[in-house]
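Which chain is which? They are A, B, C, D and E, in the order written, and residues in each are numbered from 1.
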Amino acid sequence: MTMDTQIDLLKITNVHKRFGGLHALSGVNLEVKKGQIVGLIGPNGAGKTTCFNLITGLYTANSGNFYLNGKSYNPVAVDQVLKAGIARTFQNIRLFKEMSVLENVMVGRHVRTKAGFIGAILKTQSTMEEERKIKERAYELLQYVGIRSALADQKAKNLPYGDQRRLEIARALATEPLLLALDEPAAGMNQTEKNSLNTLLKKIQSDGTTILMIEHDVRLVMGLCDYIFVLDYGQVIAAGLPEQVRQNPAVIEAYLGHRKESV
Amino acid sequence: SCGKKDDSKSASGANTEIVRIGNGAPLTGGDSYLGKDNENGARLAVEEINQKGLVINGKKITLELLGEDDAGDPKQGTQVAQKLVDSKVVAVVGHLNSGVSIPASKIYNEAGIAQITPSSTNPELTNQNFKNVFRLVGTDAQQGPILALYTVEKLNARKIALVDDATQYGKGLIDEFEKAAKAKEAHIVLHEATNNKATDFKAILTNIRAKNPDVIVFGGMAATGGLFAKQARELGIKAKIVGGDGICSPTLYDLAGDAVSNVVCSTVGVPKESLKDGGAFLKKYQERFGIEVQIYSPMAYDAVMIIVEAMKRANSTAAADILKELPNTNYEGISGQIKFDAKGDLKNSAITLNDYKEKKISTLEVMHMQ
Amino acid sequence: MDTFLQQIINGLVLGSIYSLIALGYTMVYGVLGIINFAHGEVLMMGAFIALTVIKVLNVYFPGMPNLLILMIAFIIAATSCALISRYIEMIAYRPLRNAPRLAPLISAIGMSILLQTLAMIIWGRTPLNFPELLPADSIPMSRSEVSINVREIIIILTSVITMLGLLILVNRTRFGRAMRATSENPQIAGIMGVNVNQVIAYTFMLGGALAALAGIMIASNYGSVHFYMGFIPGLKAFTAAVLGGIGNIPGAMLGGLLLGLIESLGAGYIGELSGGVFGSNYQDIFAFIVLICVLVFRPSGLLGEKLGDRA
Amino acid sequence: MLKVKQLKISYGGILAVNGIDLEVRTGELVSLIGSNGAGKTSTLKAIAGMISWQSGEILFNEVPSSGKSYELLARGMALVPEGRGIFTRMTVLENLQMGAYSRKDGEIEVDLEKMYSFFPRIKERSKQLAGTLSGGEQQMVAMARALMSRPKLLLLDEPSMGLSPILVDTIFEVIERIAKAGMTILLVEQNAQRALEISDRAYVLESGQISIEGKAEDLIKDPRVSAAYLGA
Amino acid sequence: MTNQQMRLWMLFATFIAALCMPWLVSFMGGNYWVRVLDFALLYCFLALGLNIVVGFAGLLDLGYIAFYAVGAYTAGLLASPHLTNTFLEIKQAMPSGLHVSYLLILPIAGLIAAFFGALLGAPTLKLRGDYLAIVTLGFGEIIRIFLNNLDRPVNLTNGANGINGIDPVQIGGISFGKTLHLAGISIPSVILNYYLFLFLVLMVILMCTRIQDSRIGRAWVAIREDEIAAKAMGLNTRNLKLLAFAIGASFGGVSGALFASFQGFISPESFSLSESIVILAMVVLGGMGHIPGVILGSFLLAGFPELLRSTMDPLQKMMFGKTLVDAEIIRQLFYASALILVIRFKPSGLWSGSKA
């Protein structure tokens, strides 16, 4: 571990979120250290996805402070959050279904590029050049997450499920995030597919991207994460290294259950 | 008769010739009951002439009416105009709406074909300095002042409420009325507007009721006017309702019911019953088409007649010759004596004021345009 | 004050008519999620059919009481419109269930034109008088000028009762549950044992009968029937349904009443309010501006639920 | 009870299921496992009459399927669909009532109580809009709803997907319980390990074809199965 | 490579065909058909503009005709005697009337329409589907009603009377409103306008294709596909939607100005709701979001009614010897049935270009 990992890349403090009468999050604090893979687990309806939605600006918090890279940020405009460096995937896959696989990744490059419509109409040199680079990078990313380039022109909706998950990750990576937020990336995968996801996430981590991940597969989470937060009823009930969390009676009671095989 | 072939010179007999007259009017859409009425008027005339037989310059002439649907849409209007021009019509009866007549007139003008509108009242139509445009109705500028004269002087109205339907016709009429009435120092208590697709007039009628006018002048058509009169009665309004030729149709009393007794409306020309063919026309029309004459079909009928008259005078069926002769028209039609001024508008025509007695239009008074 | 009260009454009557139509729109929307743009035309057919029945009855059974005539006319018109509506669904909408969202819009437009043209062929182009079968006796009011008649009261009551009936049907009955299930997810409704095609067909038939009712009310109120008569009220009712939150039954009622009041008060007072710059000719604008303002603050209408598209 | 013969399903020309045969006998718990996109959901949907199939035959209680889901339900088949498919805008109670939609007998109330005893959690929430429930609660509602039709054959499509470990345990316990009580079940699961543990027999579906079938306890030990689905 | 060449040849052939078209048509069917082509081109212009909003960005717009109106009235005011007749101050400054060149009017019309487009877009950003539809529909009606009534208190639009005497396009001394006599050939005004429209439509097609393949076009499609995911990918959906509205509207504005010059007269009747619906039908029936499809759709829906107009009556006469049913009624029936049938069998449009 280098010194780097001790810096909080993301830190949220005392975050509250209400939906009508429902207190979905009450006073949540999280820190994600640079370079780590951090897990966010908890029972269904605990508020994990809500937490993601707040961090990425899709929802607005009722109160709370957000810091990215040591600087305070106000997650109200999703595009601003993304520019600042947080990209995400969705619990229910949300690809641009009718667009091609490649185009999905190219859309991810949007925030890091700037050609306008005038440039497009006039086909200016710089626009063409930028377009070429977007495409090039998109192909690289497909390869990186392990989608065959033969599939690049397929419609996204026609990909197998596992590849759709990978594509979502590639699309998120295209935005050059500092932090990649994954909402149940392994949902609906079988064990073998989960294993290869495991490998991919490790590669992303080692290439310098920090990961915050929601996941119900305990084996995957425990094997992958450097640190884990457990959420229940909108509150952090436990946090620590995987081993610590696994032993925590509150966590066992609310989340893990007593069956040994699942752990 | 047969009109399959495109070439108008080839016909069934060697010595007969098919001569085409165009008609453009909305045959679909909300105004189509008026448009079809116009077409029917023209068709009746064409059929009558064919029946009687027409010989021009030694040739037997069969008239053919090309009735096209302009849908009341200016764009379709120009397409229809172009189609009629391409089909080599010798003259055109149409269109119903001023908004269509005006752009179409440019095409007829370029082609040198006469256009006689039975119903467009926008003064702008004949202000374009086109030599080929004629109209068989009074313009707004002609009808409005006469209605004002009647309302102020004959009905002794002191307080007048105005309602227009925000169309070119209704609004044009009311604006001209307002000008003339103000000149006669009448007091306009209210000027309300609605639209030509409205059905509910209670809101504006309530406003009118609050002002308690002697007369309400309605600028619009019978389809709305009938409902207007009926609802006025329901609100207990006793003021007379005065309107132009647009509401002078059987539809008005169909829709207004008893409330029609309160209505006075004007028609262009002298009363039809007083003309030699007027009453007969209404009957023939009813027999031929199974429906009643609406408003402008007598003018459309006359339009065909004066085209034929012009052919006879020119002894030619060429469009240019007909056009040359049309300004000299002096014809007693079923809509009255038809003469044109330099612009192509009706000269010295009469306007008749009517009310409804026993559900029939009946003449109150005949006045002359200034 | 008389004027104001009168305008409120005018608005309520007009609004009830809009509500009545909007209820039909909303119910079909509630189940299929499509706007049945041909609803206005079904309404028109209903009015014409009722008129024809009335004329026939007048010829063969002179002296039959008005209310009985009207009942018979309504029953026949409602049945016919239910069938028309059902066939519209079968021809224009059913094949497009899985089509892109705008496809049914196109066939609905086609249907509208078709029905208008058919009406034009059958009943001609001229507006026809619809006899006064509902009593139009003025109801005595304490204020001299304010007037409302029995027919108008009947119209207001009809729309309120219709709304209540629909509310009960949708929320309290087994068929209503099937409707709601179908609306949320027809496939899942199917595996619950719901015959989805049948539910949709019945919903359309009910919609058709409602349209006939609305058509007869409009025709009675204004005394006029015309092949074009469905278009504008259809549009207004669509606006009303959206204003209230489309798919929501009380919303349709509220939207309709509000629209009627806005139009009435708008036409009544906009002239004074704007110092004569605007007049009653801006009546329609008023309704749309209110609509836009409402939707800016409540993007799913007044009573429309916020269907959070969850991330 | 259920026989599927040479079933083929295609989506716009793409063959998703390519001629499979399978059978579920009365009282059995059979699972169908396979990787993503293998065609498991498609197969279940075809059996339940939610989608039409290209060729082949589906026999339910010896009678060919009409392909109409509402008829199949009336004949005793129920499906807990992938992704739960609860009616989010209805209350929990109404969802359960929908389950009993085609029943006309007077014992609906009795069955409601029975469901509440299976899943005490949803009794607390019976008046709540189902859309606001947590994922696990929704899954319970979906199961209970299917049971409300008193099915003879229950089809389950990935009932554990997206659930927390503790709920996965609960769901599998319930499945075991109802199977023991005599219900015939066809179970589709990604969690192959757990599914095989409780099943009598199993089929493995690979790119639209059955590659392996047999007793569940044999399949768990089968090296091909453990390599591909158990991540060993 | 040869594939590329094929395409080039095809394009070239189409282009030549487009050039010869009006002569051919005018020779065979008369200028009426050329005029139909002219309007088809104008519709094509409009449909391509609407396609940006509806097809690319997925925003249902039922009031698109408003921008056509804005463009038409811009031309109407800047290139007719109307303003000088009503405002004496302007008359004193320009006694012979306002006759601004179309080289200026077209961009101005585009810009003003774009402004209105953004104006419509702003309050509607949060609305979806049917809610957006009704608001845009309302917007279209609002514009039309204003045009119809803005003759008082000051006469800006001449109200329901419309504006007459609008100049035809004039470029380098050639007036597109009159027959041009050039080296012994006379080119009728409809053909001149055809070339003008064709040129501009080709420009628009080029623009549309380029935008579609650009970063912006991609972003629009992403928004159409899934707005939340698009936001999460950092797209500024607000600006992008406004941009779509504005660009789409500017196309409408320019074509409106062309319409005004072509007709020489405009009135609010031309900008009714049904026109908006017709244009939408062109886009949807042709193939939403697919440029060739949209072009096809606009030509078909502009041409088909006219085809029915000229065939229904002769056909009846040929078959039965007389007119049994009024031509306009058959025309309506056919038109309506065609809409229903086409969408029934081609729910995503005649030429949707989806590879699926």
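What we mean here is this: a residue touches a chain if its C-beta (ideal position, glycine included) is under 8 Å from a C-beta of that chain, and two chains touch if they have at least 3 such contacts.
If you want to know which protein each chain is, UniProt gives these names: A = Amino acid/amide ABC transporter ATP-binding protein 1, HAAT family; C = Amino acid/amide ABC transporter membrane protein 1, HAAT family; D = Amino acid/amide ABC transporter ATP-binding protein 2, HAAT family; E = Amino acid/amide ABC transporter membrane protein 2, HAAT family.
Computed from a prediction, not measured in an experiment: that's the story for all the values here.
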{"item": "Graph distance between chain D and chain E, where chains that touch are linked", "value": "2"}
{"item": "Chain whose Cα centroid lies at the greatest distance from that of chain C", "value": "A"}
{"item": "C-D or B-E, whichever has more C-beta pairs in contact", "value": "B-E"}
{"item": "Farthest chain (mean CA position) relative to chain D", "value": "B"}
{"item": "Rounded Å distance between chain C and chain E, as computed from the means of their C-alpha atoms", "value": "33"}
{"item": "Separation of mean Cα positions, chain C and chain B [Å, integer]", "value": "35"}
{"item": "Residue numbers of chain E (touch at least two other chains)", "value": "148-149, 228, 232, 329, 332, 356"}
{"item": "For chain B, residues contacting two or more additional chains", "value": "28, 166, 193"}
{"item": "List of chain C residues in touch with chain E within their complex", "value": "29, 35, 91-92, 95-96, 98-103, 105-107, 109-114, 116-117, 120-121, 235, 238-239, 242, 246, 276-277, 279, 281-282, 284-285, 287-289, 291-292, 295-296, 299-301, 309, 311"}
{"item": "Footprint of chain D on chain A - complex, ascending", "value": "22, 41-46, 91, 158, 160-162, 184, 187-195, 216, 218, 254-257, 259, 261-263"}
{"item": "Chain B partner contacts - residues on chain C that touch it in the complex", "value": "2-3, 6-7, 10-11, 13-14, 117, 120, 124-129, 132, 136, 138, 145, 147, 149, 218, 222-224, 226, 228-229, 231-233, 263-268, 271, 279-281, 283-284"}
{"item": "Touching residues (chain side chain A, partner chain E) in the complex", "value": "56, 58, 77-79, 81-83, 87-88, 90, 94-99, 103, 106-111, 113, 115-117, 119-121, 123, 127, 130-131, 134, 155, 171-172, 175"}
{"item": "Of all residues in chain B, those that touch chain C in their complex", "value": "28-30, 32-33, 36, 166, 191-195, 197-200, 202-204, 206-207, 209-210, 222-223, 226-227, 230-231, 234-236, 251, 254-255, 257, 291-292, 294"}
